[in-house]
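Quick notes on the structure that follows.
Letters A, B, C and D mark the chains in the order given here, with residues in each chain numbered from 1 onward.
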């Protein structure tokens, strides 16, 4: 990789720092985050390298990969970091920025699940796992996924088929639209 | 004797769906312990992991609004789900720290922020507010001989300085509660490892791998069953257990209880009132063997 | 009316090339108060100084201004000359027309004008100069050394060898400190006890050293040259004068199984004990908490078997006061423990490593005891849990160090080296074993240090893994180490038989309360602060107190010994004079105006401001005012600028003098 | 190294309050290194910036200084442990006051120059001189001083009128 002032995107890093409220420069690459990460084996860039790439302003390399989408948000890294780098928040910020860029990542299933989850909130106010799972399977083309679990869950009363009306629906919609407006006006990242 | 304890209650989406037995057993146990529990009217989803994963502002706003709704009901806010608990606590923490974010959230929910209300996980209420002594005094059927692996998961204690439920790395609150109701707890290595709940829907393969390690460790430590305080952990450990056994060709047969179910059992609540029938891994043989039914 | 003499120096051509010195002298000569002005080729030369002295006497000068180079260069020279001519040296000032004028300007007219102004300023200033007496304080030529580790021992021996009395105070029953616990030392691998114990014996035998072991500092009064130190001699229950050190009492003591702190609790000792066989003094102490006699009143066996009758159950703590002129603080360090720390402590433990509950997870000092030939295992590396030899051993560096989350952000400096040493010792003792080291950076500056580290890898076959460990947990009789190798970018899992943690160096617990007794400053970690990080690294800002060893910051043995000898040299410098002379640039309180707000006391970094009661003739208290102890004052003048009622003045830099200079412009 | 000497209409008077350990030594180093800088600055030596009373700055402006420089040791380098910190805190408060009484803060500069920074001394002095030169003479305080002197004499019409009526 060629490193120069023009290839190091410091603005992007500042955005990540603003969103996550944590310093990227503070990391001294001890690797403790990667050592304890339950998902590190699934990532092409282990957590410490994600921070390293940020330190070098190489965000494209991060967003193009699936590492950030394979973070389980278990907060182990943040908890154990000797330097108080809140890596879980950095991951949140990176996903947000990737999300805004409409997912240059190869990882689509996690993004799809997230998208459906948020849509569910906006439409129903609460989560209905049955619906979520069904729509996910349809949209991801995995019609048979977890097929065996379904009937058992229904028989145990674990998947609710119907949802109840929430009085606060308009309020929820307003939160969504207000945030959208703030972003349009540049008042929030 | 302290005055009667009263709480507002935020069950969270799962407790109204896949984790109905957690909701049921919580309500029944609190009734038995004479602790008041009033559900927050028309609460809505806290956003859970997907919201903060891609949109922190949305996550903070949803939680802030729910915290505001909770103010309608008197008492500290009792939360059953570890994920909701984590989100609500994180929101309080982040908004107290960052002026910028506080202003943005105020604008988004268009209401005054209520950040000083106390958010408490059920565990805290049982172990601290009610107290282990009073809890022990309510026990009618001690869980003698039941060896339990207490599973904390990720979100109950982490990260530093946010949930402040117990020591982040070496908590004992679950064990304390279980010892108070007469159960045995096992020391095991994976009580705080992640089960990968975030990927239940999108990447079940990952979940199976992580959850297997947890079940394996619990079994190795000689546990009869696992206890959790989170519907997502429960979903993976209980609902997927059969599938995991199939994939790894093992036989765990570890019933996975909610904390309220085990404590309820000790306090003499019936199987129906605790929703034990809703558990996928059938706990009845174990409970019969230990003469707890 | 003042009769000021002004002497303008040519400095060869250095000044006269760009400054018209004759014009300067002529112009300044016309200023009011100036009785005499001249220029001369080299004022600092012998004839120049003679000219100065002669003129002072002939012209009956009252003040002198020498316009020449920087006062940093020759102020002392000219003040001495002035003094020789019978004037108070502080009535002489220098005007810097070389460094600040002739050398930095080219235009002769401009430079000359500037030089005239500079000299004018100094003329106005010198008019306001007062006669300042030289301040002298007597010196008690005895020294106190606090702490009997290698730092304290070295300092005490050096001072004592120079012929001065030393009082050495050690908190523990024996001197020796941490160095006595070590097995072999880097980078030469010589045996620690072999080089340490002779020094301990030297201390015991030195006619100039009074050793108070099992004693602590109770109170410190006074100031440089004149400290009064109160020492608490804790009740040892054994009379040091009578005891012969035969050891029969220890053999007969029925309590045998008390974990010995010196052996990091691996070995056992009786209730009446010396911490280790080579202890100095070789006098046992009774651990009253564990002694049957003290707990139940029965037993008394040790007293019965003691031939010389040294055992004394009635002994009590005694206080003694020692007058000393200088103090060397050498209290050393404690190691970070990974146990759960009290809530609210800045320091956190390591829950992810089991809070110290996994028996075969030990710290570096425990490994030293295992590796030591005189240790509890006779030098064999054995697991504390089952006494087996570990075949896979994992070392983890930076435990507590460089971890702001855990409360410490500094590097402990010695761990990289001692871990490398540990891998070597391990390889020497367990030939079929394998050592792994998790590390972030290897910091090995020092003579032959990096070579030593490389040797541990290249010849002793330690596997170094660049990455940290997230968690340790017990699995069967193994310890699972969950680490990462950041160079490869993978997680590394090792099932180890033993894990050794290179824990951070911290100041001794209670270092802060000792600092408060001494009136010295310390940083947020409680390390003692030196007066200047670069130029006064062994002195405290509080005059007469010196630092040696790890109490000031993490240090290895060579650095500690160097600093101890440096501190001793500072003490000897102080003791070379009978009386202390110091520049009289000190603050003085004008008691009439002082309202006793003590704002000055708050800003004084030297602790020189005291409270003084003013009473009338009947002895009634009128008011409490500030008093600046001239022996302690550093002369910075911060108090003066802070004083709201302008009641404190820094001699030599009074408001009058400064305003006179400003007004001269 | 030696640019053509420019002639200016206005030569400002700069007074520098410096500590003896760092900045004074730094200025000495500029001298021993034969660096060149404008001759407008007059140096007043203090043991420590901690000794510098803000009143001296006011006094300097009153006495006709057009610019004032206060310079001492870098943070952490103070010869007297912490004098420069006290100074910094004091001057932070003092700037507000100066602004209030009408001093253009551009005329007052605080800096850190160590004993090793002869070049920095030259830079600081040259920059401040240039800046103040462009700002022109500092008249506010001088006029004030003159007004003070006049106020005691009966020389305005209004005052004469007022006195008559007594």
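Please note the rule applied: a residue touches a chain if its C-beta (ideal position, glycine included) is under 8 Å from a C-beta of that chain, and two chains touch if they have at least 3 such contacts.
Bear in mind the structure is a predicted one, so any value in this text is a computation, not a measurement.
Enquirer: Which interface, named by its two chains, has the most contact pairs?
Expert: Here the largest contact count links A-B.
Enquirer: When the C-alpha atoms of subunit A and subunit D are each averaged to a single point, how far apart are the two points in Å?
Expert: So the centroids are 56 Å from each other.
Enquirer: Indicate the whole-number Å distance between the mean C-alpha point of subunit C and the mean C-alpha point of subunit D.
Expert: Taking the mean C-alpha position of each chain, the two centres sit 39 Å apart.
Enquirer: Please work out the Cα centroid separation of subunit B and subunit C, and write it as a whole number of Å.
Expert: 53
Enquirer: Indicate the whole-number Å distance between the mean C-alpha point of subunit A and the mean C-alpha point of subunit B.
Expert: Between these chains, centre-to-centre, one finds 23 Å.
Enquirer: Give me the residues of subunit A that touch two or more other chains.
Expert: Correct list: 76.
Enquirer: Quick one: which residues in subunit D touch 2 or more of the other chains?
Expert: none
Enquirer: So which bits of subunit C are touching at least two other chains?
Expert: Residues 352, 405 of subunit C each touch two or more of the other chains.
Enquirer: Could you classify the connectivity of these chains, where an edge means two chains touch, as line, ring, star, complete or other?
Expert: It is other, because the touches fit no line, ring, star or complete pattern.
Enquirer: Kindly provide every pair of chains that touch.
Expert: Inter-chain contacts occur between A-B, A-C, B-C, C-D.
Enquirer: Provide the residue numbers of subunit C that touch subunit A in the complex, in ascending order.
Expert: Going through subunit C, the ones touching subunit A are 352, 398, 402-406, 440, 466-471, 482-486, 489-492.
Enquirer: In their complex, what parts of subunit A are in touch with subunit C?
Expert: So the residues of subunit A in touch with subunit C come to 28-37, 40-41, 45-46, 48-49, 76, 80-84.
Enquirer: For the complex, give me every residue of subunit D touching subunit C.
Expert: Touching subunit C: residues 2, 5, 13, 15, 20, 24-25, 27-28, 30-32, 34-37, 39, 42-48, 50-54, 56, 59-60, 63-65, 76-77, 79-83, 86-87, 90, 122 of subunit D.
Enquirer: Subunit D touches which residues of subunit C in the complex?
Expert: Against subunit D, the touching part of subunit C is residues 70-72, 96, 98-101, 103-107, 110-111, 113-114, 117-118, 121, 521, 529, 531-533, 541, 585, 603, 605-606, 634-638, 640-642, 650, 653, 655, 658-659, 661-663, 665.
Enquirer: Residues of subunit A touching subunit B in their complex?
Expert: Interface residues on subunit A, with respect to subunit B: 18-19, 21, 38-39, 42, 70, 72-76, 78-79, 86, 88-89, 92-93, 95-96, 99, 109-114, 117-118, 120-121, 125-130, 132-133, 136, 140, 145-146, 148-149, 152-153, 156-160, 166-168, 171-172, 174-176, 178-179, 182, 187-189.
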